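Given below, in the form of structure tokens, are the structures.
Next come two complexes, and both contain subunit A; in the first it sits with subunit B, in the second with subunit C.
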Partner chain A sequence: MSRVFTLDGNTDILNCDLTNIPMQEFSERDSDENKEVYEQYKKATPARVGIGHTGSRYHTAAALRFQADQYSAANAVQMEVPERVVKELGLFEVQTKCASKYEMLTRPDLGRLFTEETKKIISERCVHEPDVQIFIGDGLCSPSVEANVPTMYPAICAALEYEGITVGTPFFVRYCRVNTVRTVAELLHPKVTCVLIGERPGLLTSQSMSAYMAYNARYDMLESDYTVVSNISRVGMPPAEAAANIADIIKAMLEQKTSGYGLKY
Partner chain B sequence: MDKTESVISVGIDIGTTTTQLVFSRLTLQSSGGYGITPKTVVSDKEILRRSHIYFTPLTGSDTIDAQGVRRIIEQEYAAAGFRPEMIDTGAVIITGESLRKSNSRSVCEEISSIAGDFVVTSAGPDLESVLAGKGAGCMELSEQPENLGKICCNLDIGGGTTNIACFRGGETISVGCLDIGGRLIRLDSSGRIIYISDKLRKLAERSGIMLETGSVLGTETAEQVCRIMCEVLESAVGLAPPNETVGYMATNHSIDVLPELFTFSGGVADCISSEHENFEFGDLGVILGRTLRRSKFFREGRVISAAETMRATVIGAGNCSIELSGSTIEYRNCVFPIKSVPVLRQRLSCAADISGFAERARRSIENCGALGAGNHIALSFAGLKNPSFDEIEQLAAEISSVSDIAGDPLMIVVEEDMAKVLGQALKRRIPRSEPLICIDGIACGDGDFIDIGEPVSGGRVIPAVVKTLIFR
Partner chain C sequence: MNLKCTLYNKTFAFSSVKEVLAKANEPKSGDVLAGVAAVSAEERMAAKLVLSELTVKELRENPSVPYEEDEVTRIIQDDLDMEQYEKFKGMTIGELRDWILSYDATSEMILAASKGFTSEVIAGVAKLMGNLDLMYAASKLEVHAHCNTTIGGRGVFASRLQPNHPTDDLRGVTSSLFEGLSYACGDAVLGLNPAIDTVNSTTDVLKLLYDVRTKYEIPTQICVLSHISTQMKAAQAGAPIDLCFQSIAGSEKALRSFGTSAEMLGDALQMMTELAKSQGPDYMYFETGQASELSSSSHFDTDQQTMESRCYGLARHYHPFLVNTVVGFMGPEYLYDGKQVIRAALEDVFCGKMHGLPMGCDCCYTNHMQADQNDMDNLITIMAAAGCTYVMGLPQGDDVMLMYQSTGFHDSQTVREMLGLHPIREFEQWAEKMGILSNGRLTSRAGDLTIFR
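On to the complex of A and B.
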């Protein structure tokens, strides 16, 4: 019985990063039987189909891939965004009231608040009352910042500025939760507040990002006042295209003076 | 939140033998919101009215009676209760031997202008095969779970041609067309041959059957001729050993795959299952149908009955010719519809292809100008899977440097999801007053033509028809 590897036959599965292989190319089967059918399945979904088994067990490569994806997801949550990345993006950094990653995970309420001192820094360093305030947060997925923001942020700004929309001073928030949007909005009073924030990773990707946007965000706004673009990653919505879409949504918010459920887009 | 809207579509098929219309309602469903990339799809197709089936009016052996066709169209619009301005989209397709008539192009264009604003003209045996296959339900058949991986083949046997389309998993994988049909011989009421196609006469001669106009065609001879035609079809799909007659009888080319499941559509398909008098229609259709029923298709192949037979092509034209762009696209200052713009395919599928894009595009635009293709073209390319902002900026700079010779509006058609970001970058580089369309999710090849309709789904999606145009 011949074994079909879409994995390169020479790949040493014990000595390579299996997570680099796109799931749609990750296939290991015992024969060529129904090859076309498997190809269709693989093309249709990034789910783990056609990965082979021996008796009731996965093949070694598939089992390792499961573990690798699991750990890279867990890592993505636990990891810190390196200072280097923040610097390269040309952002200044602030931190929420959380003292550590662990605290951010266990105390979401603190992940949206700043100390008085931090508030002062933001207030001093940022332009007040711009049309749009964009800031970046690590959220539940640190690697998504480096993976997506370098493409997204300049694309959003270029599109907004072309439309004559003013964009505020961007910054990076460590240990950031989505609702930091409310706190930032109360400080700087932009018309639209937008956070680009890492989203909870899964087995498929540990680099995906969401944009949460709200018109006239306040402490007492409703969750349904947020407009969200999610699943931004190289296996989801491409970051460049997502950025263009986000810019258009922001433009629509400014025109309609609303966001979330009330926005017609 | 899912939103739906509907559009009215018309299909008009002017075939070798018959002319028909179909009116349908297409439901467009757009999904979006939390966690879902916006997407608009055709979620439902409902046929509102099938016209009568008319004989295609001819004024001579080489010309279509344009006035006659026009009368049929107007009569059917009135009967259906539609005015041209109520029709959102659709296609006029001129098929089979009608395509080879001297005035086919002008008739087709005239009809599309009276049929509705965004009713496009299309022609060409390959497109016809695909539309017939879709109309016959063969494409859907290939998507059924039990047929996964199997090649499903539709043979649309009309008066003059047999259009073959093969599908696998909902995708067209091979098409072909043979000059085989029910009306390659026509008889008068006394059984004399009043017309025989040249190709068929020569094919029959090879087997020692001499056919001449004016002579009486007996049932036995007719059966022999039909068996010969049937054998050509069997070889074409691999049920019989390869045979040089397939190449001889090909309109353009045959298929290059081996199908497992078959459906039959077209006028002759109706004669497969139902009994008729031998020469009831004054042609070979009835006997050809009967011969097919006894052929290897039914003995050795698996035949599944088609969703539509006689009307497969026209339903395909009305229901299946339209494609929807991706939902993140960019356009401005355009007047829709924009019809029959020739497509120039460019190489651009990785970042390394960006540099030199302008030069290559310029050269191909100039070349096509030299061929007299007019002064408006659409640039099409595969695109980049995950472009960075810098790559988009570079590409936009390259494209905008040829915008002066690409005609108005500047048209960019890409496959990968990148049209909105590219469109925005282009907008920043060309003067604000200049029109621009940048759409994705649509594949087209060099030499195709593209029609762009009025945006739908709140302006987020553009309907397009990609087609080949081959007129004599």
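On to the complex of A and C.
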């Protein structure tokens, strides 16, 4: 007989689409004791708790689900952001010096640089010296752009512009790295530079992104000068909430004229 | 000093000790990225030959970063036990490798001698070792440290319980915490990586961990791995703290990029002797990982394995309770695949233990590397065989905050059963009392997080 592997008693592993079951409802518990307490613990985290054991090992459904989720995450790294998504966001697109996804993964030094021609395009199409320059990057998770930016970007802008803060011209960077921030800042000289960038996917979601922000970013800034909001996704920090956080942090940076560990917010 | 050799009917000449060390390193994508790797397998072999004939003295006198420019080099050099150094300074690195592996050299003898070796010397020995050499040598070394319990020693395979949550939600953290405890994990530390690096959040989680530790009378230590300055502020405001954590690196410039310094680490240790809830005397917890220096352009044209060894030279200055490499966290630009990760983990555990550190390993990978969970199954077993002090325990190995995979609660128990290893004794007795472990095996009660309520 098949084992029950969801809180609501599912045993049909072939037709339930295993990876679509939220982890909070995925269960392979060996006993029914204290069911209510158990379900409270399950609901409190997307971590893989309450999955029981056979000998010291995982049960079959848990083991297979883990592999299925890991494959999906590894796949998200290799995907491209479709041109359609960039257009729908109303962004123009540029590419770093990386020629391919493979080069982007193994050459972070090229992933932060642009050719002279690309620099010229950015310089010509963008407002210079805004209070805040925001741009979007694919990073290590292309699906995160379509999943979060349509909600997040307009909300950040609205919150900043309401306070009279000027926001620069947004654009999309293919094969983007976090440190592309340094290059963009040296081109456009904003007070605060912010990249919304796909973060390396975990098993929980293949749609997660981060915001890396720095005051007066430049080539020789320290890593610790960044302030970061991470885990932005439907299952982590929802994009609307993240937008409010990011706007608050940017405001604090403009007021305190600093970022990273020195920033209080 | 001879930096030349003939091999394959060719002459190979190197310009510095640093170049020899870098080119003798086993293949790592990060060394290629840094432009310091051997250009061919032939050149790598030539570098290994030259390295085998260099002496302890020659490596000491040619540190990777100059003494005048770098506080990490100064700590490594100034901490040297000169009596031991004098005894070994004429030995070549090849002879030193032979001696460490020999039946004559006991754990006690090696650990006494290694106080006279700079981190470059220890890194050099690792470069002349195969994987099984590294495992065998590391497994010989018995290192102990004490906070609330004693970690290390033969037959003990401890685990850090890592109950991370995407937003540090206290109920969510509690779920993973109880789950891990129900599998007898957490004897090294109950240690959370925070999603939010603030004093308030750090304090809230520290209080939770402390309450659980005291309520269930668990013989272990607690830690929230926020930035060292955040933990210090929390502790000074009264938050309960057992261990003080910081990520460290192998050069002063790299430490700066982490927002810290040797002075700050010293201040934290001093503060811990006054404010810690734990017994000590070992209060610090450091994490490392090959290539963190390269990622912040502060590697000084040194290979990543040598820089990593320098982290341990820095760490031993503060006699930490825990040190672990987060070996596969940095990504494919530094360690490309499972094979490179396993090699790096072995180098790190050997070099760490050679520095007298209770070295653990976060056996881990990211989803943009060419590696998967099967590589971690291999690695955790290899680590246990190598006498690695502790590994990570997460719910099925999945970190829902840091977005990478490590080893699971089930995995440390599996390895303990296979290799006849145990948790730290007091903790094991606690797990037996709780009805989680019996005769070294999980009971039917194990894995039921509702036993804590």
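Everything that follows uses one rule, which is that the second predicted complex is superposed on the first by the 226 of 265 C-alpha atoms of A that agree within 3 Å, B and C clash if a C-alpha of one lies under 4 Å from a C-alpha of the other, contacts with A are read in each partner's own complex, and residues count from 1 in each chain.
Note that in this section a contact is a pair of C-beta atoms (placed from the backbone, for glycine too) under 8 Å apart; a residue touches a chain by one contact, two chains touch by 3 or more.
Keep in mind that what you see is a predicted model, and the values were worked out from it rather than measured.
A.B. asks: Quick one: classify A:237 as touching subunit B (first), subunit C (second), both or neither.
C.D. replies: It touches subunit B and subunit C both.
A.B. asks: Between subunit B (first) and subunit C (second), which does A:146 come into contact with in this model arrangement: first, second, both, or neither?
C.D. replies: In the superposed model, A:146 contacts neither subunit B nor subunit C.
A.B. asks: Of the partners subunit B and subunit C, which touch A:103 in the superposed model: first, second, both, neither?
C.D. replies: neither
A.B. asks: First (subunit B), second (subunit C), both or neither: which does A:34 touch?
C.D. replies: Once the two structures are laid over each other on A, A:34 reaches both partners.
A.B. asks: Based on the superposed arrangement, let me know which partner A:248 touches: subunit B (first), subunit C (second), both, or neither?
C.D. replies: first
A.B. asks: After lining up the shared chain so the two structures overlap, which partner does A:202 touch, if you call subunit B first and subunit C second: first, second, both or neither?
C.D. replies: second
A.B. asks: Identify the partner contact of A:93: answer first if only subunit B is touched, second if only subunit C is, both if each is, neither if none is.
C.D. replies: neither
A.B. asks: Who wins on subunit A residues touched, subunit B or subunit C?
C.D. replies: C
A.B. asks: Touching A:73, do we find subunit B (first), subunit C (second), both, or neither?
C.D. replies: It touches subunit C, and subunit B stays clear.
A.B. asks: Shared contact residues on subunit A for subunit B and subunit C?
C.D. replies: In subunit A, positions 34, 37, 40-41, 230-231, 236-237 sit in both the subunit B and subunit C interfaces.
A.B. asks: Which residues of subunit A touch subunit C in their complex?
C.D. replies: 23, 29-31, 33-34, 37-38, 40-42, 44-53, 55-58, 62, 66-67, 69-70, 73-74, 76-77, 105-109, 140, 199-204, 208, 222-224, 230-231, 235-237, 260-261
A.B. asks: Applying the document's contact rule, which stretches of subunit B touch subunit A when the two form their complex?
C.D. replies: Residues 34-38, 148-149, 168-169, 328, 330, 385-389, 392, 416-421, 423-425, 427-428, 458 of subunit B touch subunit A in their complex.
A.B. asks: For a test of understanding, state which residues of subunit C touch subunit A in their complex under the given definition.
C.D. replies: Per the touch definition, subunit C meets subunit A at residues 29, 33, 163-167, 169, 171-176, 178-179, 183, 195, 227, 229, 256-259, 295-296, 331-333, 336, 366-368, 372-373, 394-405, 408, 410, 413-414, 417, 441-442, 444, 446-450, 453.
A.B. asks: Can you tell me which positions in subunit A touch subunit B when the two form their complex?
C.D. replies: For this pair, the touching residues of subunit A are 34-37, 39-41, 150-152, 154-155, 158-159, 162, 228, 230-231, 234, 236-241, 243-245, 247-248, 264-265.
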